[in-house]
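Each in structure tokens, the structures are laid out below.
Look at the two complexes coming up: chain A is in both, with chain B in one and chain C in the other.
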Partner chain A sequence: MGRLISTRLAAFVMTLFAASIVLFLTINILPGSAAKSALGMEATPQAIARFEAQRGLDRPLVVQYVEWLSKTITGDFGTSFQNSVPVGPELLKRIPVTLELATLAFLIANLVAIPLGTLAAARHTRASDKTTTFAATVLGAVPNFWLATLLIMVFSLNLRWLPPGGFTSFVDDPAQNLRQMIMPALSLGLVSSALLIRIMRASMIEVLSSDYIRTAHAKGANETIVIRRHALRNSLIPYMNVAAVEFGFLFGSAVVIEDIFRLPGVGSLVLVGIINRDFPVLLASALTITVFVLVVNLIVDLAVGLLDPRRVKGSQA
Partner chain B sequence: MISVLRDFDWRRWRLVLTGGTIIGLILICAIFAPWIAPYSPYDLDVVAMLQSPSGAHLLGTDELGRDLLSRTIHAARISMEVAFIAASVGLIFGTLIGVAAAYFGGLVDMVLMRFMELLFSFPAILLAVVLMASLGTSILNAMIAIGIVFIPGFSRLARAATEVVLREQYVEAARAIGMGHGRIVFVEILPNILAPLLVEAAVAFSYAILLESALSFLGLGAQPPEPSWGNMLNTGRGFMGQAPWLSIVPGAAIFFSVLGFNLIGDGLRDVLDPYMKE
Partner chain C sequence: MAITRRISLQKHKPALSRRAFLASGTAMALLPAMTLRAQAQDMTPVDGGVLKLAFSADPAGMDPALGPSGMSHVVIEQIYSTLMSLDPDAQPYPDLAEGYEVSDDGMQYTFTLRQGVKFHNGDDLTAEDVKYTFDRLRAPDSGYAYDSQVATIQEVTAIDPYTVRFDLSAPTGPFLTYMAFPGSSIVPKNLLEAGHDLNAQPVGSGPFKFVSYQPRSMITFEKNGDFYEEGKPHFDGLEMHLIADVTALTNAVLSGTVNFSNEIPPKDWQTVSSTPGITGQTLEGSRFYWLLPNHDRSPMDNPLVRQAIAHAIDRSAIVAGTFFGQATPILGGVIPEWNWAYADLEYFAPRGDVEKAKALLAEAGHPDGFETSLTMASSFPAMVSMAPIIQANLAAVGIKVSIDTMEIPRYWDEVWAPSKFDMTAMYWVSPLADPDDFVYNNYHSGTALNVQKSGDASMDEILVKAKSGTTRDERKADYLKQQEMSLEQMPIVPLVNAWLLIAHTDKLKNYKPMRSGFLKTIKDAWLET
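After this line comes the complex of A and B, so read on.
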């Protein structure tokens, strides 16, 4: 068990290290000088040289990377090129917003996918199965940013039930927070449920065709009880594998949805970093999303390894 | 001819046919856009700003009086071009990397696939956005960025399929008669791993349209006045109350294109590998 955890942790650290190199290199070969963006297009060559020297941008990339990494490990994400504000505290303020959005979207995706996937599997090859599969196909083709726009048109502009954007902390006003988060979460969650409905359906079909379910049916157990007591739990293990990975990706997909609903999360900070050519902001926000996705993948990997004794045995052999 | 049509298994191919019909119509729009579109997509008409759908403008006009139907038809070109080039970049480079990893094994396999897994660990939209920031905002760069996003998926699939083919006797026979690496790869391996890659390509097409639209929506892809469904939808955001058609029409175009490619992908998967249907 200990070996499994240490192997996975070592792989996680290596991947994170490699990911930091990829992000740093990709972001630092941005065309258009960060100095010009910060100082304006009319900036003199002397002012640009001074700006780059002050921030160490005139040094070799390897030196810049090592310095950035050593600071980042200690929690120092540098200061914004635009307004000289430290990036770390700004990031800390924004993480809970994206985390709340991803969590609500994940809840919605599961609340849709688990019952519909189970229903489709229980009625396999019948009309309700075909309807659900078709609905999942249609839902999977809807761009989440279009769904977001349609939801704003219907619920904010026409019915005037929900605000079209903005953010109030849950601690300050829980009701207003939920009113502001429900449409962004629906936009992400409903589209994400399309994949999960298919996974749940496939997983449940496999479990329902196993011997112990046939035995339960042979003993006269009613179908609802068979599904609820026996099949659901077992079909949820492979399902949760995929669902958990999807949770990580919901965190990453927040970039577009946060922009539409003016949510001050990590995703919108990525865009701020790109528009302003603000390297420290862009690097810190992109790295935060990557770390989150990798941590979720690590947890899934460990959970699967621990739940499946064959894997534990295999890894110890 | 009639007997061929009578014997054709329509039920088996219905998803591919439905998706193919949708994509076929969009492709016709993309190819013949200058002849089909009633107006130029760039012509401004200040008198006809934000007009609702009418006989003169079937889908209405935008904030600069441009005909929305004409812009939607012309935008199909960009979406299809991006989808085709991005999927091709992903398919070609992903297949080369996957086949090389499986064929040479050892260190080559380890280095290539670890790097692919690394790229795979980034959320697609984040990777595309960061790459666009790095490459600069243009439609050509969007094609490259989206293509790079697809490489890991294709390489994983190509590697797995190549590993299966490498165990076949005809590959051993080719090696035994002294066939070179290049000929073995191009004559014996590539034709036999094509089926799963084609299914993946259909899915990549739909995903490329979604990603290009998302990038243009964020202002990182096609730049105005070039019409793209993503940037049209972005413009529509500012007029949701006054002119909802500006948001509905380009979004619906993205939806139908993605749906069409998804149906083709699902249908091909069912036909080529019936076991995967479950």
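After this line comes the complex of A and C, so read on.
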């Protein structure tokens, strides 16, 4: 088991290192210079040269990368090109916002997917199964930003039930926090549930066709009891594998949704970083999302490894 | 191609929408007594409340010497004070100064300061702070983006604690206006000499004190109880909500999450201004759009071709299609009608003049037109929206235009800075509203904005002369000449002047929008309970 953890951790570090190089290079080869973006229409050659010299952008890329990496490892993410504010503290304030959004969206996705997927499997090939499968396909094709706009139009601008955006910390005012979070979480969660409904359905169909379920039916147990007591737990194991990866994906999907709902999270920071070519902001926020996705994957890998009997047997040998 | 004085020309005149409503016969017949009573109530100031304003950009800094962006200035003018300020019609008046004297040759300005003015940290504001402020801006390594404004200041002398003299190297027409610019805000000498960073914690003597700044989220201010204008400001504080996406910004206004914005997109103006509880005010300011033909590329190097393009454009279609009526077509020089240097020239037909454009093209040796391209920055929705209108207008005279769009960082890098375009378009908000501000940067050779690469010695000469004029009449005559020349040479093609669109809660009273687009008058307004 120790070997499993150490190999996974080594792979995690290597992936992160590779991701940092890809991120740094991709951002630097993006067309559009940081200096000209910051200075806009009045970017004279002198102003550009001064801007680049002050921020070390006139040095070779390798030198810039090594300096950025060594500072990042020590927790120094530099200062924003746009507003000269240190990026690290801003990032720390933003991580809980995105984490809350991703967690709520994940909860919504599961609360929709598990019952609907189970229902569809239990009514396999019947009308309710077909309806659910069709609804999941439609939901999967809906872009989350479109759903977000629709929700704002209905619940904020027409019915005036919910605020169209903004953020209040859960600690300061839990009710207001949830009022502001529900629409962004629904936009992400409902779209994400489309995939999970299909996974849950497939997993449940497989379990329901296994021998021990048939035995339970033969013993006269009714459908509800068979599903709740016997089938659900087993079908949730493959489901949770996919769902956990989806959780990491939700963290990264927050980019546009946070912008639409004015949530001060990591995702909206990525967007402004790209628009302004604000390299320190973009690198720090993109790296945070990468780390989060990799950590979730690492946990899933380890959990699967630990739970898989073949793996346990293999590592003991 | 004679330029004629305008005799009569129906222009779209923006007006306060509420005023327009009250001016209508029905309203006047039904509501005279009610209106008078309401106005009397409106004019009794109410102290308290927090005004929540929405903006799409973050400030690029809060130190007056190092804040180059428009949003920096919006923040700076609430925190700091200036010797002069601009009134809603962009006329300078003494602010921190009680008064001033100008020498006959326009080379010396002496300001008498208000006494008893304190910075937010409790220090007295004296002539030494004024001297320190301008010496700091003039320092060779200051990095001040508007250094041309202080270029003619030769020496600043603190004669006594409340008198300060500026000696200039040349007469400078817009000098008093420069003194009202947010970059000219007076900073506390003692604090800065002790190493204080104004970007992290701005300290001025203005109506509001800085409280906090959360990037891309909010800037908060509290009332300066010691402000030198008795009884002002009326608000307990300000919240500037930073909402990058303009649709989200508009939604925040519509839902009442914020109660003030001057960034409503024209397409949403009708919806926003007709929403119950929201008052819409429009005002012609200084946001003008122009087309840039590249003088380094044939056939745009021919003034006749540039004139043909200028005459082919249907400006009223741009006003209607791109700005939903919320703009004024520029039919002559670019200095707007409300400005004292307005030249009253009639040159373009509002709907364009196809025959005249064709005749000019034929005269230029292109009777069948030519092929060219128009590159627009996709981040400016107005540009993208007006591109097909320009394309269709030019097609009507035989010029085939292909449209390219590009996201803004690439645009600055690949199109604007290296002048790699046949034609492009840009807009400019004049932060000063001095006539020089409308023309110098666009028409003088070698400026950062002159990416069309136009250069003409007589044009440069008249621009410098107009700027250094000592009397307003003298300057006005020079600007008339400059604008006539600009229409003959047509280095750029003026399009429209888009209005300021301001939406705020009905409860906001005594707010006067400013032509310059600034928000200095917020200190005079209050929220009705």
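Rule of thumb we're sticking to: the second predicted complex is superposed on the first by the 310 of 317 C-alpha atoms of A that agree within 3 Å, B and C clash if a C-alpha of one lies under 4 Å from a C-alpha of the other, contacts with A are read in each partner's own complex, and residues count from 1 in each chain.
Just so it is clear, a residue touches a chain if its C-beta (ideal position, glycine included) is under 8 Å from a C-beta of that chain, and two chains touch if they have at least 3 such contacts.
Computed from a prediction, not measured in an experiment: that's the story for all the values here.
Shared-chain residue A:82: touches chain C; no touch with chain B. Of the two partner chains, neither chain B nor chain C is touched by A:246. When both complexes are overlaid on chain A, the residue A:42 reaches chain C alone and has no touch with chain B. Shared-chain residue A:290: touches chain B; no touch with chain C. Of the two partner chains, neither chain B nor chain C is touched by A:100.
Judged by the touch definition given at the top, the superposed model places A:140 against chain B, while chain C stays out of reach. In the superposition on chain A, A:278 contacts neither chain B nor chain C.
Look at A:301: by the touch rule set out above, it reaches neither chain B nor chain C.
Of the two partner chains placed by the overlay, chain B and chain C both lie in contact with A:260.
Common to the chain B and chain C interfaces on chain A are residues 30-32, 149, 152, 157, 259-260, 271. Per the touch definition, chain A reaches chain B in the complex via residues 15, 18-19, 22-23, 26-27, 29-32, 137-138, 140-143, 145-146, 149-150, 152-153, 157, 202, 205-206, 248-249, 251-253, 255-256, 259-260, 270-271, 273-274, 282, 286, 289-290, 293-294, 297. Within the complex formed with chain C, the residues of chain A that make contact are 30-33, 36-44, 47-48, 50, 80, 82-85, 90, 93, 149, 152, 156-157, 160, 163-167, 259-262, 264, 268-269, 271-272, 275-277. Those residues of chain B lying in contact with chain A across their complex are 114-115, 117-119, 121-126, 129-136, 206, 210, 213-214, 217-218, 220, 233, 236-237, 240-241, 244, 247-248, 251, 254-256, 258-259, 262-263, 266, 278. On the chain C side of its complex with chain A, the touching residues are 58-61, 68, 143, 145, 199, 213-217, 241, 243-245, 247-248, 251-252, 254-255, 257, 379, 407-414, 416-417, 426, 428, 448-449.
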